[in-house]
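Order of writing sets the labels: A, B and C. Residues in every chain begin at 1.
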């Protein structure tokens, strides 16, 4: 591996995990990417985590919303981290 | 005029001395300047990071990194050569 | 004098020359070693630096993710987009 983007190249047609800005996470099959890290994914599961504060008790309420999308394009500038999930422990 | 000093020449003179860096956003960093490049990426020794506590925005967290760091020039806003940072009385005066 | 590991820009100021360490020197020294990568958001990634490029895009191995100092997850391999990187620090130990 000579440059970081090679790691993305090795993940083509594999399931990948993508951490985005604003607590958004995507898991899907990687079909294409470019140097900006714009990406095309299929069979995507999107998870958005929000933390709200209960007005009465002041408790933090963590809620996760997930939804499934058949095919989508991710704009590279929201990407924070990319990892092939099958190799995560 | 040959006696005019370029901005980065000033920083070059600070190599080996303390430097205080204000980042875009709230983070501030101090350390001993070891080197830098044209993008103002900076190598610092004994760096100390000052950031706002995510739980209490009025509290400043001080983190001594005890290592050499490469600071991304992209987020650098202001450099104060010769200053040891927010606790340095000379720098914070007025 | 050989030209290796000497940038043209480091030739002046001989007083500090022995202490000088450019970003390129730093990166050469930490490749393949354990590092801590701090993002602008405050999240830390500790792992082995596999490689990086001019945008500070980073590929890391055996990566641990720390949010507020607490271990949140682990990644075998991971790519970090350079614009999010605040600093890379060598892990002395």
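Going forward, a contact is a pair of C-beta atoms (placed from the backbone, for glycine too) under 8 Å apart; a residue touches a chain by one contact, two chains touch by 3 or more.
Nothing here was measured: the structure is a model prediction, and the numbers come from that model.
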Next item on the list: Considering only mean CA positions as chain centres, point out the chain farthest from subunit B.
Entry: A
Check: What chain lies closest to the overall centre, CA atoms only?
Finding: C
Item checked: subunit A-subunit B separation of Cα centroids, rounded to whole Å -> 33
Margin query: I'd like to verify one number: the distance from the centre of subunit A to the centre of subunit C, where each centre is the average of its C-alpha atoms, in whole angstrom.
Written below: 24
Check: Between subunit B and subunit C, what is the separation of their C-alpha centroids in Å?
Finding: 17
Margin query: If I count partner chains per residue in subunit C, which residues reach a count of at least 2?
Written below: 83
Next item on the list: Spell out the part of subunit A that touches subunit C in their complex, as residue ranges.
Entry: 1-8, 17, 37, 76-77, 79-84, 87-89
Notebook entry, point to check: If you look only at subunit C, which of its residues touch subunit B in the complex?
Noted result: 10, 12-13, 16, 19-27, 30, 36, 38, 40, 42, 56, 68, 82-83, 85-92
Next item on the list: Using the touch definition up top, name the residues of subunit B that touch subunit C in the complex.
Entry: 12-13, 15-16, 23, 25, 27, 29, 34-37, 41-43, 47, 49, 51, 54, 65-72, 74-75
Notebook entry, point to check: How about subunit C: which of its residues touch subunit A in the complex?
Noted result: 39, 41, 45, 50-53, 57-59, 63, 73-81, 83-84
